[in-house]
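Please go over the structures that come below.
Across the two complexes that follow, chain A remains constant while its partner is chain B and subsequently chain C.
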Partner chain A sequence: MFESCADPSSLEGLSWFACYLTTGKHMAFYASFGTVLLLLAIILPAALLFGFAGATAARSRFLPLSILGKTYSAIVRGVPDIAFFLFFVIALDQAFEYIRHKIKCPDWSEPIRQGNDFVVCTAAKMPLSNSPAWVHDTYAFLVAVLTFAIVYGAFAAQVLYGAMQAVPRAQIETAEAYGMSHAQAFRRILVPQMWIYALPGLGNLWMIMVKATPLLFLLGIQDVVYWARDLGGTKQARFTDYPHGDWRMFYFGALLVFYLLLTWVSEKVLDRLTRRFSLGQATAAGEAMRKAGA
Partner chain B sequence: MSCLQTIADYGLRAIGIGERLLPRSDFTLCQQFTLIGSGMIWNIYFGVMALAAGFFLATLLALGKGSRLWITRKPAEWFIFIFRGSPLFIQFFFAYFSFLSLKNSEGLFLIQILFWVLPDAFVTVGLQDAIMGFFRNVVQPAAQPFTAAWLGAGFVLFLNTSAYTGEIFHGALKSIPKGDLEAADAYGLSGWSRFRRITFPTMLRLAWPAYTNEAIFLFHATTLVYFSGFPAWQQRGDALYYAQFFADKTFNPFIPYPILAFYFILLTLAVIGLYGIANRYLNRHLPQEARRRLRIRPNLIR
Partner chain C sequence: MNKLILSAAALALASSAAMAQDVVRMGTEGAYPPWNYLDDSGEVAGFERELGDELCARAELNCEWVVNDWDSIIPNLVSGNYDTIIAGMSITPERAEVIAFTQEYTPPDPSAYLALSADADLEGGVVAAQTGTIQAAFVAQQGWSLVEFATPEETVAAVRNGEADAVLADKSYLAAIVAEDDSVVLLEREEQIGGGVGMGLRQSDTELKDKFDAVIGEMKCDGSLNELIEKWEVASTFDDC
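Moving on to the complex of A and B:
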């Protein structure tokens, strides 16, 4: 990074640290914080989408669909989320390969599960074995995103279902009195009004998701946890210009501080959002703001 | 090999009793059920220990956070913020590597930093020797058992659940009806007797539904232990450890994970049942209508 870093053995004290903290691997470590934020930015809308679908399904008057929606949101209550992560990351991969196998190799005669192996034809591999490394990385990241979205979508479904129930019944009845159909009342009345009721739950969900991001490591992504373990481990002088002892404690201490900052900032932002969304709503907080303004 | 034989061999494998070698090929359904079930011993152990010990620290934290004294309020607030604001997964890693550093000579690095920070005038040879001696004779042996999951991970879970429960108890403490406390005053109750007879039982009663959720999710959180640095010595792991073992070996996630889910749903139902009994006991004086039902909802996951 710096000119003076050319000969690490001659460095001492702070300049040693300055050079140590700007090696290529450390840059990758810093970039992985971006990966965490990117993941959060993607899974929030994705989980909301899954949650919205789940909540709408749970409200459906068509019984099987409603049972499906309710089961989806109920199952995460009973089973640890990390089990879902480990499950989905293999299951999704196998599902994709299975579908591609059925389409691309229709005349394949051998069974796909052979004892302890899962065998699909070469053309159906996901991603193809001859594709470049970034395709593999992106694919792994996308599977992780999908896994997160499915698991936290179930939480979001629960929150949104509760919010939909919380919108006063009179609002829907008024819409019906104006001659709106079921779908119109849902679209024009229920959905715009449910967010203030959903906000505390969604804020909670956001906190849950922030604290779930280190689990990316278990899905095989090179995230902050991966780099902290890798960089913090004991380094021998033979293999690196910057030998040091076991510093994983300090690296994980830094991660701890990073997450504390992230949740602290989130809390402040959520407080502001709650106040912003309460404005003009038919809730106690909204009423209090109206009175304060008047 | 019959299924009964498998249960005899592997039923207590997670705590090191029975067959030493894990199955290597031809994995049967019975083996998967037995080993994952045997791993549940650890999940139950971690959960019960953390909850039992955490209950007391949580009460202290709730009282501390509710206190008007700066000296008790600030530490409680910081403790709760640190453990609720960071992922449990990172807490495990940090704790494990800290214990490891204290146990090994890397801990000396911390002492070097201490000497570096302290003004030179303080750092006499006598002081250095005293600190080094203390480190060698007290800190290192004490840190030794904490690098094992049974104590180290249990300790982290204990602190973590204390923080979450402390926050729940604090909320309940604040929502005790004013009238109840005034009634206590009117009867001449004060200090310890008021706390024991009025404040504490009412706090528990109000907090109980949320505390039930906390217990459920603590049991779920115990599955993180063997994925966060703490080694599974001699392949003695928890239920998820064995489930992942089978999923890796058979490359078929559709059998071990549903088995794990089955066990956890049973455990969740058991927790709900036990906490429900306690809930009925806490609410026994109230008229039927006013009793608070347990509503099971996902709350903060670590």
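Moving on to the complex of A and C:
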């Protein structure tokens, strides 16, 4: 990056570190923090969406839909995360390719399963094998997002289901007395009021989700843990311009600080949200706020 | 200046011609110097990078490098996420049941032990090896206490911090570490396990396997493979072809 970095063996002290910390590999390490934050920013709404759909389905009066909603959250919550992440992603990818294969290559005669191999026609590859590396990376990232959303959506479904049940029955009754339909009461009364009941559970879930982001590494994405492990490992002078000993402690220390900061900021935001949602609610916190205001 | 524009145009033409072909995605681990590792700029480098690029050039294939964890390197190959494994993988009958191998590009070499001192106790101590390697299988077979790690780097770190008494791994990998670190030594004892190292491919991908087989054979005969092996000090050389 700097011109003085052309000959690293002549460098010492601070200038050595300045060059060392700006190698291409380190840039990839810094960028991977962005990947983690981006992942969190996308899976939060995605998981909430899955959770909301799951909870609404589970409450449905239409039996098959209710069974579907309950099965989703029961099965996904029951399977260990790590099994889910290792197995499900490959299965999901194969499912996409299978569907594309059926559409794009209808007159393909060879079997898709050949012994151990999963072979689809070239046009059905996801992404196409001649697409540039960033397309492959983005695809891997999106599959990861989907997997995270499905897994954490199942937990969110359970939390939201509980929250919907917790809204006092009298509120719905009053809504019905005003002549609101079932859907109107759901939209106008139930949903706005349920968040305060859901927030502690969702907050917990968010914290777990933040801590689960290193699982990205299992999905073949070069995330913070991957780079920390690679960069921190002992480096011999034969293979790098910047040889050093076992520095994993420092790199993982940096990760520790990053994750602590992230959870600390989350706590602050959750506190504010709790206060915001308590306003005017028929809960102890809402009542206390009303009294303080009056 | 004109020359520059011309050569740039020629380059663009050449690369667009290459784009027209199918891309062969080469899967490697990127954590096993001198075989394969990531250099300072984050690119795949090492013996297998040079070998792979040369093989692709000779077979007129357009190759791209993919880094994948060792643990899931075979499942991702058979499910089609890349087309070859070129990651210092020894040819064994167990692996050959799942994937196909090209002919070997390094001869069968003994594995070595790295320890803090030359009198490390293997039978009574703890031996570290990378998960899913022939070395891990060997240690387990001997009935010794085995600790497995996901990356080769962690196996060596385990010896340095006393968690394990020795590491069993390919000699070339350990030799590169011993060469620059006085606190560890190679034991005299070596183990002859596994076959040579070959490229892994899907069993259904016979056409690609034939192509690589042909160019590996070609490189064996004209001596360029031996030259690469000596340059990177990864293994012994081939006597004939």
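One rule holds for everything that comes next: the second predicted complex is superposed on the first by the 287 of 294 C-alpha atoms of A that agree within 3 Å, B and C clash if a C-alpha of one lies under 4 Å from a C-alpha of the other, contacts with A are read in each partner's own complex, and residues count from 1 in each chain.
Just so it is clear, contacts are C-beta pairs under 8 Å (C-beta built on N, C-alpha and C of every residue); 3 or more make two chains touch, one makes a residue touch a chain.
Computed from a predicted model, the values in this text were never measured in an experiment.
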Combined model on chain A: chain C and chain B, fit or clash: clash
Touching partner for A:37 - first (chain B), second (chain C), both, neither: neither
Partner chain in contact with A:118 - chain B first, chain C second, else both or neither: both
Chain B versus chain C as contact partner of A:99, first or second or both or neither: neither
Which superposed partner A:67 touches (first chain B, second chain C, both, neither): neither
Partner chain in contact with A:155 - chain B first, chain C second, else both or neither: first
Contacts of A:135 with chain B and chain C, given as first, second, both or neither: neither
Which superposed partner A:241 touches (first chain B, second chain C, both, neither): second
Partner chain in contact with A:264 - chain B first, chain C second, else both or neither: first
Which of chain B and chain C A:90 touches, first, second, both or neither: both
Where chain A meets both chain C and chain B, residue numbers: 86, 90, 94, 116-118, 217-218, 229, 246, 248
Of all residues in chain B, those that touch chain A in their complex: 25, 27, 81-82, 84-91, 93-94, 97-98, 100-101, 104, 106, 109, 216, 220-221, 223-224, 227, 240, 243-244, 247, 249-254, 257, 260-261, 264-265, 268-269, 296-302
Contact footprint of chain C on chain A as seen in their complex: 23-25, 27-28, 86, 90, 93-94, 97, 114-120, 122, 125, 129-130, 133, 136, 217-218, 220, 222, 229-230, 233-234, 236-243, 246, 248
Partner chain A, residues of chain C touching it in the complex: 19, 21-23, 25, 30-31, 33-34, 37-43, 45-46, 62, 64, 66-69, 72, 75-76, 78-81, 83, 98-99, 151, 153, 156-157, 160, 176-177, 179-181, 202-205
Complex contacts: residues of chain A adjacent to chain B: 75-83, 86-87, 90-91, 94, 113, 116-118, 155, 158, 204, 207-208, 210-215, 217-218, 225, 228-229, 232, 245-249, 252-253, 255-256, 259-260, 263-264
